[in-house]
Amino acid sequence: MKTFRIGGVHPPENKIAAHKPIEVLPVPATVTIPLSQHLGVPAVPVLGKGDQVKTGQLIARGEAFISANIHSSVSGKVLKVDDMIDSSGYRKKSIVIQVEGDEWVEGIDRDSTLVKECQLNASEIVKKVHDLGIVGMGGATFPSHVKLMVPKGKKAEVLIINGVECEPYLTADHRLMLEKGEEILAGIAIQMKALHVERAIIGIEHNKPDAIKHMSELCSHYAGITVVDLEVKYPQGAEKQLIKAAINREVPSGKLPIEVGCVVHNVGTSFAVYEAVQKNKPLIERVVTVVGRSLKNPSNFLVRIGTPVDALVEAAGGMPDDTGKVISGGPMMGKALNDLGVPVTKGTSGILVFDKDESFRKPVLPCIRCSRCLNVCPMGLEPYLLAVLAEKDRIEECELERIMDCMECGSCLYVCPSGRPLLDHIRVGKSRVGKMIRERS
Amino acid sequence: MEYILIIIGAVFVNNIVLAQFLGICPYMGVSAKVSTSVGMSGAVMFVMTLATIVTYLIYTFILIPFGIPYLQTISYILVIASLVQMVEIILKKVSPALYQALGIFLPLITTNCAVLGVAILTIQKDFNLMEGIVYAIANAIGFALAIVLFAGIREHLDLMDIPKGMRGAPAALVVAGIMALAFMGFAGLV
Amino acid sequence: MNKLIISGSPHVQTDESVKKIMYGVVLSLVPAMLVSFYFFGLAAILITLTAVVSCMAFEFVIQKYLIKGPLTILDGSAIITGILLAFNVPSSLPLWMVVIGSAVAIGMGKMTFGGLGKNPFNPALVGRVFLMISFPVEMTNWPKPIAFSTQLTDVVTGPTPLAVMKEGVSQGEHVADILPEVPGYVNLLLGNMGGSIGEISALAIILGGLYMLVRKIITWQIPAAYLGSVVVFSGVFWLIDPTQYVDPLFHLITGGLMLGAIYMATDMVTSPMSHRGQLVFGIGCGVLTMVIRLFGAYPEGVSFAILIMNAFVPLINKGFKPKRFGEEVKHG
Amino acid sequence: MNGIINEITLISVVSLGAVGSFAAIILYMVAQKFKVVEDPRIDLVAEKLPGANCGGCGLAGCRALAEAIVKAESLEGMTCPPGGSDVMKDIASLLGLEAGDQVPMVAVLRCSGSKHNAPPKVTYDGAMTCAFAHSLFSGEAGCPYGCLGCGDCVVACAFDAMYMDAETGLPVIIDDKCVACGACVKACPRSIIEMRKKGKKDRRIFVSCINKEKGGVAKKNCAVACIGCGRCVKECKFDAITLDSNLAYIDYNKCTLCRKCVPVCPTNAIHELNFPPRKQRPEVTEQAEAK
Amino acid sequence: MAKKESSFVNMVMTLMVVTAVASFTLASVYNITKGPIEMAREAARQLAITMVVPDFDELMTRRYMPAVGRDSLEFNYAYKNGELVGVAVATYTDMGFSGRIRAMVGFYPDGRIVDVVHLEHQETPGLGDKIEKGKSDWSDQFRGLDPSETVIKVTKDGGQVDAITAATITARAYCDGIRRAYDTFSNHVLNDGGSAE
Amino acid sequence: MSQIKNFTKGFVKENPVFVLLLGLCPALGVTTSAFNGFGMGLATTFVLVSSNIVVSLIKSQIPDKVRIPSFIVIIASFVTIVQLVMEAFLPDLFKALGLFIPLIVVNCLVLGRAEAFASKKDTLSSVIDGLGMGFGFTFALTLLGAVRELLGQGAIFGYSFIQGDGMLVFVLAPGAFIGLGYLIALINTIKKTE
């Protein structure tokens, strides 16, 4: 079994919904579709209040290079194009659509038959991925077409597919691999074609033996695609760590995977690419794990983008009384929500419902310099130091200590026996250093 | 062997700062950062060695032959002061880079008891010129050791929120005290 | 619905805590404590109790009335300081000196800098060395171990094996002639020798150390580097002249070396952060200990060595950073 | 006198005089030969300083401090322990640093979103730093403009001129201690604190809100939010108030402190400080929190 | 109040004048204090001698090299009514804990020790400084000892002198100094037939 | 500034040792007993006052470039006078203070005051300033000496309170640092509450 070398933690896995097949969640009454669901420039709406839309219709165009198209996930009438509260409580421009029926745009193949062969050439594939608004499903929602275009002078050698799902609780990718393995592999083949690579590696952690077995079996039909069994360790799913674990290459500080000849995509992305290229289907729905220890019916749902979170919680058995925290995403990287009316977006991999007693952080005590944070940091940083430097606003020193290498995995905060809010401070430091660097150039 | 004993004695056992209390002002004043304390140490080494040589010569070739050793203090300080100033002016012109690294500390050293103290001690201990030079360098190393360690600890304390009343000089002095305690362990090495 | 709770990620934390770590150390100290009670009897119990209680009391008073900050005396660190201070003094030490030592350890060594986690020097050692310098007579008066002793006064005293060795060698005797004067190696290992309360039984300390290693309270780097460098250093001299220098094993199991290497040098607050730094720190402690033992005025150098290396910790932390991810660019 | 003045005297005078003049000659020649052109003011400033080179200023000697002062053209953060404040004053007048008549300013808090006015809807449980809270969410009360109450500004104030009021959850500025250094303004991630003219007799009038959301939205989160209704703008005879993105702003250079606008605000968002109590209570609104 | 400018002549003149005036003053003070300083030094020496030899009315000083040691020892022969009553030997040792220890050892003409006082030492206050008469009565144990019978060594080294607690090194050194005095004394005084001449 | 304030500021508010942190070497080096501290303080005061007088008298005659050397010569002369006089009439104290007597010359306090004060102000003010600073220095050294003597030997000004020794550490180097550290902390707190 392989794994990355430096750092890492083992939070309790709690994969409660691992055996729950993906269920289709009914279409809600209204959806709110934010125009900024991806990394990069927000998309620009192409219609206005009162317009009639169909499921799969383009409603906002990603005009910049790093941006993504957005399609309507339902059919109905545009109620408004306005600032709506997003997961942070700030208002962001969104399109609100009142659902009327479920009428799809023509050309989308909703048939579930597997289409393996792909006739398109590389640039046509990229165009398709671009047009249909595919973004990374692994969490960062980076527009996928960008990653499929290898920059001049660089060469991709290996496509690494991220089936690690190292976050506790989350099982969306796991279920997807079990249920849509064929489609994922077809998607991988398409991505390989786009990237002109001969080799693809699917990284799966050892706690999903059924997925490893299933995917390995399917792989035998594809040349160049292999599965690698990875030791369970958070954050193995992080791009750089996965590359290190799978093919033992280290992406240098501040550089992209392509520097070492790699491109990393999530299994969900591969599935989305498959659907886009072979079925013409834009990214309008995704698998979301809804779990919680007190939740009656933890589930994996196939959800239309824009569905409000409370609808998901309702479907999973309703909000338990002693709920303290609702998290969008995993427990290590996810975002605590302060309003359950916010919509599911392209990046929402899970909704976690925490009881009150597991919601509060530990009381904050002084750092005892136990060096645990530094030993678990997968980037080899010194979180305790970064945190004080950031707290004291000593930004130059933060930069010298390579604060920008921090990928916010949260391992340091997880492991600290004193419950220090390390990552909170580091984030502040990062944003200040980032600002300083931008101002410098 | 003689020289090694002088060095060990001056650096560890009778550390100029921690045991002999010389040069406390720069020890407290220029120890906020490790980098500046290193610069200061370099300058001290330079001046201390130079001053010891010159004062030794003055003592043996002027004060003793003329029977006026009681003018030791006044002639030493005069010579040291001019010497430092001269070195500073020359350095500024000849090597601005070196001046940036060391020169800015030079004026601080004129009025530093460590330099005058070592010059006087060299005579008191009946050292010859070579021993005097070794003694001066060893003391400068001792000074460097003490001040660089101390600067490290101060940088560390800077990141801690130590109690208000102890902030600054008090904590620094207590640290120096504990360092002096620890250095007592070297007792008897020579 | 009740109010939702908002915080940044991550939303889960280990159940490891400062308290658990500290009480783990206390637990691991129990074997050594039992051995010391066995050999030094009631006196050892009294001193340990006095030290622990006064350490906690001083911490409480200072936190409550001088710093006026939150009270943390129950986090267990003051208990460790108390136990380790007691472990580092002879069982004949007057109790009022133990109280002074505790006051110095907690007041000067720890609270001066703001309390747990902020002190640059090991508090117990600050207290110990302070006592050593202040009351050299009482601090070098070593009662002979007697099983189940309840005697508090007029105990028979004698030098520690290390002192016997040093005195003998300095008088020009040969090591082989001195060795019969000290207890045999098995006794040394078990703790049947003169010395500070808690340092005598290397075996019990190793046991506690193993427990801490398993519980991941300490890492192996510091003890290994410390003991290793002592073995190498003393071994070299032993090989050069076995008549003047005793063998490494003797150095390993006498004096406070085990206690120092496993409990005092490993205090996370006052030791370097990175593994590489910890190795450097351990080696420094080992070399200094041996320099003092072989060439200094004191027969024992563990406390001084660790304190001196404590002063180096900030520089070590600056110079020996953990290995960064993507530091050296690998090709292929 | 014979015992007191003898050949020793002569030898002493001659040899020390020789050493002294030798030193002087060396100094002179060296000074001539290696003259370095510098800002002449450095010499002037250095002359004012004690010349003890004690390092008390944190710099390497008096000349270094002089250079630093001249280079920075300011005395901020520079002290000289042996010389004391007198010396610094001397230098200030020498360099004409304190010359210009500055309008006395003071920091004001432009938010009244206390726990009472803007009740918290969620509980924040992270590091107590506004910078992070701001990046994480819109605030416990939901107002994306309002004070987060973690006190970054209080920490930034080096003059103990601020404290957090536990009851309201808002910082309080102590006018007398505030020296208008602006550290708090920089520290606040939401730019809530503004540096305003101290005003006649320390009197100030300002809109204590910076929420630019639409009136209804703002009002939902906070009872005393400016809702951009514009009544104060109409009331002001001196064109001191402008309305921009649903928010009124009072220009302190135009404001005559007539306080006519205060009672017309339906949400009590306009604050008056250090005025004598009003003769008759404004009947328009419910009572403002008298604090 | 115009400052003088820093011209060459001004600088040299000023410094010359200042140093000249200073050295003139100092020379005067030196000449005034020279007498008292020597008197004070002499008085200290006298005091030490009177403490370690019986009452005397005449002193004679000689220097002898010891068998071991870098420097010579000062022998003060004390006479009462022309008869030798004792010899005060200013001795030293370099075995001290920190630096040289100097002491004055008084002998009866037959070689017994009258008493010992320290002259100068840098031993640690509170530890080694117990050799001082004022700090402890430790050095009284030498009174009346005859070094030809009693081994002047600390008990640890097989001698008959009790060491100072926790300061064996100093005690050992002090014994070394006394033995140096005695050995030289016995070479030059006892073996010469008991007379100085 | 009134002359009285000028004089008293040296005791606490601008105490050269506790507040300005000047002249720390003698403050640490000679304060093994209250008497030694007192003696050193007086010696320093003498040099301080005398050189302040001379400097303030001749300040206008000194060209800039040789200002510091001239001042140093003046100070060194007074130091040597102290040295000679003390050796003649107080030989025991002279021995106890040892190296630190000649080192008065480089005591930052002395030169600093000569430069900062005496070279700018009239003679009377300079004298008062010198006296104030000198007494403040003496006060600090005596206090520190008393504390160290009390804790280290159980005595004050040589009068013993206890049998045997005190805490030796206070007689030795570490005690000097520690004692001064906590004294400064104490003074800081007192100053703040005033």
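For reference, chains read A, B, C, D, E and F in written order, and residue numbers begin at 1 within each chain.
Keep in mind that, in the parts below, a residue touches a chain if its C-beta (ideal position, glycine included) is under 8 Å from a C-beta of that chain, and two chains touch if they have at least 3 such contacts.
Values in this document were obtained by computation on a predicted structure and should not be read as measured data.
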Those chains which touch chain C and also touch chain A: B, D
Chain separated most widely from chain B, comparing mean CA positions: A
Between C-E and A-D, the pair joined by more C-beta contacts: A-D
Rounded Å distance, chain B centre to chain D centre (Cα mean): 41
Centroid distance [mean C-alpha coordinates] between chain F and chain E, Å: 31
Distance between the centres, which are taken as Cα means, of chain E and chain D, whole angstrom: 67
Of all residues in chain C, the ones touching two or more other chains: 4-8, 108, 114, 117-118, 130, 133, 136, 297
Overlap residues in chain B, where contacts from two or more other chains coincide: 25, 28-29, 68, 70-71, 74, 78, 81-82, 85, 110-111, 165-166, 170-171, 174, 177-178, 181, 184, 187-188
For chain A, residues that touch 2 or more chains besides their own: 336, 338, 359-361, 421, 424, 427
Graph class of chain-chain contacts, one of line, ring, star, complete, other: other
Pairs of chains found to touch, sorted by chain label: A-B, A-C, A-D, B-C, B-D, B-E, B-F, C-D, C-E, C-F, D-E, D-F, E-F
Residue ranges of chain A touching chain D (in the complex, touch as defined): 88-91, 336, 338, 359-361, 364, 391, 421, 424-425, 427-428, 431-432
Residues of chain F defined as touching chain C within the complex: 166-170, 172, 174, 178
Residue numbers on chain B that touch chain A, as the complex places them: 159
Residues on chain F engaged by chain D in the complex (per definition of touch): 1, 14, 19-22, 64-69, 73, 108-109, 111-113, 115-117
Partner chain F, residues of chain B touching it in the complex: 18-25, 28-29, 70-74, 77-78, 81-82, 85, 110-113, 115-117, 120-121, 124, 165-166, 169-174, 176-178, 180-181, 184
